[in-house]
Amino acid sequence: MRPSGRSASQVRPITITRHFTAHAEGSVLVEFGDTKVICTASVEESVPRWLKGKGQGWVTAEYGMLPRATHSRNRREAASGKQGGRTLEIQRLIARSLRAAVDLEVLGEQMITVDCDVIQADGGTRTASITGAMVALTDAIQVMMEKGLLKKNPLKTTIAAVSVGIYQGTPVCDLDYAEDSSAETDMNVIMNREGKIIEIQGTAEGEAFSTEELMAMLSLAKDGIAEIINIQQAALES
Amino acid sequence: MRPSGRSASQVRPITITRHFTAHAEGSVLVEFGDTKVICTASVEESVPRWLKGKGQGWVTAEYGMLPRATHSRNRREAASGKQGGRTLEIQRLIARSLRAAVDLEVLGEQMITVDCDVIQADGGTRTASITGAMVALTDAIQVMMEKGLLKKNPLKTTIAAVSVGIYQGTPVCDLDYAEDSSAETDMNVIMNREGKIIEIQGTAEGEAFSTEELMAMLSLAKDGIAEIINIQQAALES
Amino acid sequence: MRPSGRSASQVRPITITRHFTAHAEGSVLVEFGDTKVICTASVEESVPRWLKGKGQGWVTAEYGMLPRATHSRNRREAASGKQGGRTLEIQRLIARSLRAAVDLEVLGEQMITVDCDVIQADGGTRTASITGAMVALTDAIQVMMEKGLLKKNPLKTTIAAVSVGIYQGTPVCDLDYAEDSSAETDMNVIMNREGKIIEIQGTAEGEAFSTEELMAMLSLAKDGIAEIINIQQAALES
Amino acid sequence: MRPSGRSASQVRPITITRHFTAHAEGSVLVEFGDTKVICTASVEESVPRWLKGKGQGWVTAEYGMLPRATHSRNRREAASGKQGGRTLEIQRLIARSLRAAVDLEVLGEQMITVDCDVIQADGGTRTASITGAMVALTDAIQVMMEKGLLKKNPLKTTIAAVSVGIYQGTPVCDLDYAEDSSAETDMNVIMNREGKIIEIQGTAEGEAFSTEELMAMLSLAKDGIAEIINIQQAALES
Amino acid sequence: MRPSGRSASQVRPITITRHFTAHAEGSVLVEFGDTKVICTASVEESVPRWLKGKGQGWVTAEYGMLPRATHSRNRREAASGKQGGRTLEIQRLIARSLRAAVDLEVLGEQMITVDCDVIQADGGTRTASITGAMVALTDAIQVMMEKGLLKKNPLKTTIAAVSVGIYQGTPVCDLDYAEDSSAETDMNVIMNREGKIIEIQGTAEGEAFSTEELMAMLSLAKDGIAEIINIQQAALES
Amino acid sequence: MRPSGRSASQVRPITITRHFTAHAEGSVLVEFGDTKVICTASVEESVPRWLKGKGQGWVTAEYGMLPRATHSRNRREAASGKQGGRTLEIQRLIARSLRAAVDLEVLGEQMITVDCDVIQADGGTRTASITGAMVALTDAIQVMMEKGLLKKNPLKTTIAAVSVGIYQGTPVCDLDYAEDSSAETDMNVIMNREGKIIEIQGTAEGEAFSTEELMAMLSLAKDGIAEIINIQQAALES
């Protein structure tokens, strides 16, 4: 029995609120149950120096948490003078995943930065961030099309993410904090709408896991992501 | 005529949403028109090292802005490796103002940290932050009373803040970004519910100003703050 | 009775020594009683990158204290790896105040940096710094005129600063450390020679203060600054 | 055909030289073909502050590359003032993997730090690091046993790592730089000697990959790791 | 012919002003011609953590330059976020030299920090700093004796420093900036009052130098330092 | 009697292994007894910004130690966020010494960076680094000649370094850690093949030393360096 009473394959209620803040080209509040992340996509008509003159664009991401998004207050990274290893790892993952959805040559010498800021955390902040970031990115690209900054849509596919894991011996989908903090295995899966894998990261927190367990988790992830992509699509059409 | 169509003494619509996020002892979303700030108050049952054994508590504050809270994206302070001068100045002001409302000896050897994170900026982020922070602080103290961490309420008064300025020759109250960015003079005033001054910071951006103009601005601030303190009170009673 | 035996409106003995060090275009040792600050103005024939090509110049300031300028030794900011919030706040104030005296378009694409380094502190280091910086800036501009770097004098006015406060219930002018450390209210006022306000920053350290008290302090500041501007003038003419 | 002429399942020649440097409790030079990493394990008879009094030990890791371990010189991280995101990500992975082999309660309040420093890079530095680190850790634990710092061996299993990927459409094992830099998919697998998964991290660099491709890669990894564990064992017995 | 008209062995006019600032236990303005350094010695009744309980004291030093002590303005180290290599090298040299004059066990668990801040530079700032620091240290120790913090004087000797070099083929003593910037060889010598060497650092800036040239420079240094030690002594007796 | 049983003038067994790692233009493993340093020379076809357009090249150096090169583990400088004073001092010395061997104008607008990374330390790491760096630099210049990046060889001479000191009252050459940690005096000498001095740095760790002792040490250094230059030469010819 999961602490939330959900079935093993059941994802939390997911809501995606577009146009959440006023200034960004794409701005989304994504909620996976009690996990809430603001994702904004910002367009810049130039690229980082190392890409200048190469005829392609760039998509990058940054991740942060408000100090009291969690049960006890964490030190503000701006005050401690650097982003921690976990933060860097997550923002690298978000950026890599988003780039898998974009044809950077079609984007041209322009850059899109997606900021994912967690305002409330209850497990799965990185998968919620990726899911929301994809919608914010889509909106920003739409704005670029309307402004004439793009002649052709650079999106090759759409992506979404979900966490899966083994909790008390059973594979489950979309772990919340209560599950995540005591799961034997925790795995984040990012897939595209064709059901192919963009990234998979699985860690044995307690017990090492078998290939069969991996397969069971992957199967749950596939179904969960398909459902999440439908929710993304519905939000974009609303 | 003000860009927003408001009268010279009219503050923007102000809303205060309590219990905005789940984990903090006090959590408020404060909105001054399109300026939106999340203020959370976190309680810690110890004090910084330099205060240990002195029989008093501490109230401090930190301030931040999401990178795309503004018209164009600002660099994330956690990524640039330090908080800028403006950020430090604002968070020192918030903390100092809040401490003017608290009897630190009654608080005992406990610390309250108020985080003010701007998610959307349209002028007046520091005065909105102080106003929201006061409510979050009040809620956190209430939680401490209920948990038995305090025998007596350490609040001596309540405070609120508003900006005033001279826009196109006329003193006005609660400047939005359109006014703020072209005002001749910009002044932030923090007062308590007794109508006394906690802090006043006035800067001539364009023309130097006279004592008479200072008085006119101060008078607007007094009325504005009285109104804002009523809004705080109503929020706390709801 | 003030610890120094001064009357409520009496400023400390103020001396301004020009050409204090050899290399800077403007170099001043300013003394407000036992507070001693070296102010040097350095001219650069270019502007920061963000101002390039805008046809205007820039005036900026930096502030520091020798580690043992104070009663007990403070950690050297260069060794701790960053300037503290107080330092940043003060140098932003100095720079803003000086810019209020200069027509940046007449200055052209040139920059003047004023360094204020406190070698001995006894209260009022920021107001002494501003007062001395104004003289160093004036000397540097004179050098630029003589070198042909300026066709027209960009100075619009002259400014000076003084602190006022409420000490044991009485408004007093130019607080020394003994007063400053126990004052109920501390206010820094910067005015130009026309008697108009450039900046006002008042903080209730202990008790909140009334509009009447603000007025009384402002009146003391006005007289004090008029006297200090005379001392600046005399130094410049010697 | 692989650039190196190896078959799809063939790992590079792997050598493990123990006692490579003189001072560390465990010191290994591990070579996966032209990738060479010095792994040293250092024992400390205390734990980090956050673990004090909890009756358990800690195993951690740090990773670095000499500036010219690679084709062109990289900036020295000590000079740039911080470890990059890739470095932090790798050292977190190494540490997590090693902890999966150790019973931290049996270790008691002692800490082992494994430093992995790449002196020459040709792809697969993180898997070579983990493989060498496991041997250095084993040697350090042996020293602790001999010195009487441990009553019981805290090793629960042994682990090793290998990279797999899809190169020109074919799944291959233990990619060198020539393959790694143009592979469609890159996956790092860490397993224990029981053939169970400790960590799996797969990234689609070019094309997204299917579950079937994931299985094919995982199967290659299993065989490769079994072989590598034999090489570790032989080194430990020599 | 030296630019200053001095003879080869002639040091610049040297003045040592004691009690230069008010708060430090020792405070000296030392001038070697146009090089001017404020040296303050601060006493702390404790030692750094790594020395606690070892029954000995510590003497350390820090060095800095005001940004416009030199011909053109240097970036403030506090603003750039770190002390440069030259600064660290100099302050390590000053501290090491001073410790050669002190019996740290007699000092007991107390620390003296000497700050050397250059307010005007014209060559030889490190040798002027060491010379002035020795006097400030002596005054601070005298204060400690008077306060009863020391039962016995921990000074074993007194030290002073001078630079020597080869300028246009001729060995000269106490180089000023005009000489220093074009000398073939630059050597700093620190000796005690017994004429023995504490530290010698010689660098060939242009041509490598012979043992004979080294001897000639060392001989000049010996005479110069003897003269400087007399000046220190006279200052301490005044 | 020296701990190692060597005679007073005897250097440790010195080996120089060229082409130690694969990618660098020059790569050397230098061993002075148990002190082992990897020295790599990297060529860049441009110069630092401050040298652009001046028609000359640059030679620089960086120094590091693996955390467990020493008896107990040192904190990794990349993790602590800055290079320590000792590190900066050593790398400045290495770079200065190498530049004394190179005609920077003949080098043209190109830069060579020599990295010296200590993998095992037993005293004398800076002199071993300089000695190995000279060979790596020579190899890199040879590669530049072969690639046509240089028309003429910019080497003016060759340099080497050795430490000398006074151990238990006797001058000795090439101190190992056992001697170094208890020597009264420690001196590093860098000379060229003509037997002239490039740099000399002598420090009295315990007792101050006389001119006669300096001469005795210098004489030992001269012989030691002559021998080391022969070893360098033999390595370059092999």
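We call the chains A, B, C, D, E and F, going by the order they appear; numbering starts again at 1 in every chain.
The working rule: contacts are C-beta pairs under 8 Å (C-beta built on N, C-alpha and C of every residue); 3 or more make two chains touch, one makes a residue touch a chain.
Just so it is clear, the structure is predicted and the values come from calculations on it, not from any experiment.
**Q** Check the residue numbers that chain A and chain D use where they touch, and answer same if over half are used by both copies, otherwise different.
**A** Looking at both copies, the contact residues mostly coincide.
**Q** Report the chain whose CA-based centre is farthest from the CA-based centre of chain F.
**A** For chain F, the chain whose C-alpha mean is farthest off is B.
**Q** Which chain's C-alpha centroid is most distant from that of chain D?
**A** Between chain D and every other chain, the largest centroid distance is to C.
**Q** Provide the C-alpha centroid distance between chain A and chain E, rounded to the nearest whole angstrom.
**A** Chain centres of chain A and chain E, defined by C-alpha means, are spaced 59 Å apart.
**Q** Could you work out how far the Cα centre of chain B sits from that of chain E, in whole Å?
**A** 50
**Q** Quick one: report the Å distance separating chain C from chain E, using the average Cα coordinate of each chain.
**A** Here chain C and chain E have centroids separated by 33 Å.
**Q** Please list all residues of chain C that touch 2 or more other chains.
**A** If we look for residues of chain C contacting two or more partner chains, we find 81-82.
**Q** How would you write out the ring of chains in order, opening with chain D and then chain F?
**A** Counting round from chain D, the next being chain F, yields D, F, E, C, B, A.
**Q** Can you name the residues of chain A that touch chain B in the complex?
**A** Touch residues, chain A against chain B: 21-24, 27, 34, 36, 38, 40, 42, 44, 62, 64, 66-73, 76-79, 81-83, 87, 113, 115, 117, 119-120, 122.
**Q** Given the complex with chain F, which residues does chain E contribute to the contact?
**A** Residues of chain E touching chain F: 82, 85-86, 88-89, 91-92, 96, 100, 157, 187, 191-192, 194, 196-204, 207-211, 214-215, 218, 222.
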